[in-house]
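Presented sequentially are two complexes of chain A, the first with chain B as partner and the second with chain C.
This part shows the complex of A and B:
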């Protein structure tokens, strides 16, 4: 269908000149499978950000009856009881959405104006998100509300309660003694309950937050370390190279899981610890790749020109060289994300990952029972499948990114 | 070549120093180190006196205090530890009350045999797989195999392992395989072949878990190197002089592509020794991985330190060995 509002002059040229990244993007997202994987991962990220609003034991809103001289009033238990990390993630989500809108809004502007606009909005939004997050972290007090709203609603004490789609929290246990543990799927619990009487579906959804959080944060740490070491060793060579590569060897020589186990056993099992540990043990591959790229790039004409023009070092390194050498690192980061999700799940499975009652897919697999005696496979199916799909999605995207940037197939697009 | 080897060996010194320093620092700055000893005295209730004595022995072993019970400064601790390690006096386990070397001697053969078998299976599948996918590049076979092996690679071993164990080694469902260990309990009455059969019967499930994720990487590498070799001039020459396609492929291309295997095999040697923590844990196999895991859980610091150190040294050596082997197999490759 032709767009009649466009004059012939405005119509795109048959072979519209694209930037390198635009071209890689087009090639990357051409296969249907890659689009499906991306959609799935976007969904997981959204889930990780918004899961408290989707799977929670408290109603969005309800009317609390008149008690002891206080009039009946409408309350918002779910929002009142969100803790600071939930709020911070919601603020981050809002920031991401705002950035997305500003990118879309600047879509039609000329390139230069667009870049300026986007950079401004990115800086502004980052600042706003940081300020609000730190305010939340300092000022917000987490509440511990053990009220059983289901019961109150059932007995008609609170009225007009609107529960989230999955009306169970990840740590909310069914009362003991009612034989509600290890249940098969039912209307009350769509995927059944685990050994502590907690809703499986809710825990699966909350597990996405742990998996995605550990995956992305750890790989961002690893990328930062790897890019710094790789850039410096590749650009300067000499003493930098010798020291940097020894650092890489030191970390690489010890088997990865041994190293992670040592760190985890000694420095703690908080989720932030796990993120940092996976990050600081996983940067060596990125450093190696970037070093090789920088060794190749550093004598190219445009780098010499940039240096000759007297640009500051960081600008030469990160503005001119990095964009041209970062693609293999990005491919590797895709596999790294998959690896980080696997490692987190494995650690939780072994019992040295995030601690209960936090919902992690690995811990849920472990809780599906001692395989040799009682094995409740329906409890293992959900988390296993989710880990599998997540890892597969990251791997598939990484592989098609590799194909998309592969110069030997460039002509064939 | 000799100068190259010497240079590599010299470069290994700072790496090893750095590694020992990292392991020392990680373990020494661990919270609660000095109280770690003494709690694990073989589960026997002890008098205060005995506990204290044991604590002192522990501290002396870890070079925390000298012979007279005076505390040693941190740098000195490091130097002393380094010295005794270089002399070959590896630590003594707190939990097992045995030298680390003995523990490794017990567990290394277990891990090594299982992993060697697993690796053989991986190669047996991946080499033909890589060859076929390279020949049928871009066709259904190539794509299907690529996707399947990537999917297998993505399957989490914790899920596969526990599900296999839960279904196939479980009286609840199918009790086909043993659920733990490597041997039946009555091995002393068995003939040699019965014994071997029993062993293979026990390792079927662990091998499956170790094997399935390995196909993707190896086949992809082999496929890549075959495709690369197919574009070389010597292939055209061989075809031009009238050699049949199959000869060119098997005699020239395939053999040249196998050179890459040296690197890949060398890189996977350390993994062969360190074992898979998860598989060994799921199937209760007392190998190196399980040793590392259980001693980390019990804060058995000497074991952790020495295991990591030994693995590190072996890894560095195997990297060097790879380079040397590559040079021997392909004299065109020089490092000078």
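This part shows the complex of A and C:
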């Protein structure tokens, strides 16, 4: 036997240790195409959050003249018109931004301190966002403002008006008498108008909100259900497994489109219903994947070690097992997002999606070829392209994620 | 079936209440399922009525060839066989408490005292956790030390196994096999256990590293008063490391004795064959190697009578019919073997 003393370091360790997710991140974002897709999707999400500030028929600010004894004063019609949903989304966006800033600010701290600080700021910001959002939901009253600010500005009644970059609301129609329906792109309407004289560009941007909303909300619901069912069936096996898998088969046997059609027929067209239905029928794939992973992982030594150390069940399941088994589920969720966007678009195309005048890409696409004797290319190009690009981007990122987590290609980076 | 039921005589020490670990008639059977309805059509008797005792501060070596059920026995003692996959009977008494009769909440606090070190240094550490969080987590969950002292306690444990404290933020893949095994030992030590089940802790390591890890385990034993259940297939390692040795064959314990007695005077033909396979450093002495014929029988369909009889050079008619009990075979009252033919 050779040297039996313990050396602290038998071999030098790499200088910059990187976590597994650090590796996956680096490998995921290496291809230019994936970076472009990510940038596009981030843009779309930002658009979905901030669209009332970008495409709106009301000016940010203007001066309202003196009327009936009231002095002339500065007004903020756009902000006064935001409804509680918009405000809540803005608060959420602000919270996300603050969390991003706190992560950036802490990145020089030692790891332990950084983790503590990030967890603190996350908890604090979540609490603040929740409190403010619920206050908004309770206290805010939506205001009906049908004033045509464009006309007022044109006639010089309101002055110093600053309009958003796209100065049209999604439901704002040009007056019928002006013959401005189905207009080709012009300087007034950059992507033309639709059959009701509404601005196409504005509706495209507002449509991103519906697409992203349906995609993310439905997939978050699906992931939550799939992870819970998959984790329990995979870990416990036996009776849990039999019941869980039969449940999966039952849910899989329900045709999604018919279910949605029935719901719409009974309860009307609510976008939230559609999100929930896509979510509660779409979790089966995730449950199957996670179950398979958990069946493999539950016999690995580190899980036995965690159980042997007397860890509580939830800690074994979600701290030791889930991070090691969740990657295929995440890949699948990427495809699921694309699928949900497609489902929403097709439902709206068929006229059972969102309630008009809410803008949705599918409904806009339908309007471009309706009646069937016409085809207005400018009305089809925007929504068609955006649906295509969004689905493509989600698919490309999911596929790249699948490659990035593939252990057989790990050494090649 | 009557032959199966021959009870194994209680072996080892008479005063059972002084035992740290007292395993009585532990049996683990994995059901074999087949067909469309997954009906049970047989059982794999991985562990068959084994009994063993460990005193405080003692090391019991459990040896046997691959597939004889040593690892399953270790896991069953830890109650770590995944729920619903096996039928387990018998008793595992840790300080008088039956692990299998304990409620889950109580079991979790009991687990503090029994820890485990695994064979595979790659699979035994969670690849998504840093060394620090891995060792610190049990401390946090069992509230062994106040939250603020966890990192200093982790550093102390790491020092004990020969690391400097700056490895806390490293991930397992950055370490070599021997280093990982030492991290696994530090994790097992975190809860100040009384018993550590070492499941082939060195068989995946280079020989020089093996000695390193074994010396570390022995130093820790004297320092902290640990007991070990040392599972291995290498008799040479076990005989230098253990106070007592139990030899397993096909799910049964066939011989048990103090380490020196067993190596000097093996009674069971299987132990004799195992020992003859251990290389001896003396050049002069001609080594008579006993080569066993045939294969290990399937535990799904074990032979009748003595499980070793198809391969045993001494086998007689009686061995095929009746299961030999564990009997005292020499002047030493702790030396027991299950064989009809040796005395």
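In this text, the second predicted complex is superposed on the first by the 382 of 413 C-alpha atoms of A that agree within 3 Å, B and C clash if a C-alpha of one lies under 4 Å from a C-alpha of the other, contacts with A are read in each partner's own complex, and residues count from 1 in each chain.
The rule is simple: a contact is a pair of C-beta atoms (placed from the backbone, for glycine too) under 8 Å apart; a residue touches a chain by one contact, two chains touch by 3 or more.
None of these values were measured; they are calculated from a predicted model.
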| item | value |
| --- | --- |
| First (chain B), second (chain C), both or neither touched by A:175 | neither |
| Contacts of A:69 with chain B and chain C, given as first, second, both or neither | neither |
| First, second, both or neither for A:396, with chain B first and chain C second | first |
| Which superposed partner A:346 touches (first chain B, second chain C, both, neither) | first |
| Contacts of A:315 with chain B and chain C, given as first, second, both or neither | second |
| Partner chain in contact with A:236 - chain B first, chain C second, else both or neither | second |
| Touched partner set for A:20, first chain B, second chain C, both or neither | second |
| Residue numbers on chain A that touch chain B, as the complex places them | 242, 246-247, 249-250, 252-255, 257-259, 261-267, 338, 342, 345-346, 349-350, 352, 362, 365-366, 368-369, 371-375, 377, 380, 383-384, 387-388, 391-392, 395-396, 399 |
| Residues of chain C touching chain A in the complex | 75, 78, 80, 82-85, 107-112, 114-116, 118-120, 123-130, 132, 137-138, 141-142, 151, 161-164, 167-171, 174-176, 178-179, 182, 184, 187, 190-191, 207-208, 211-212, 215-216 |
| Footprint of chain C on chain A - complex, ascending | 1-11, 13-14, 17, 19-20, 111-112, 236-239, 298-302, 304-312, 315, 320, 323-324 |
| In the complex, chain B residues that touch chain A | 11, 14-15, 18-19, 22-23, 26-27, 30-31, 150-151, 153-159, 161-163, 165-167, 169-170, 172-173, 179-180, 270-271, 274, 277-278, 281-282, 289, 292-293, 296-297, 299, 304, 307-308, 311-313, 315-316 |
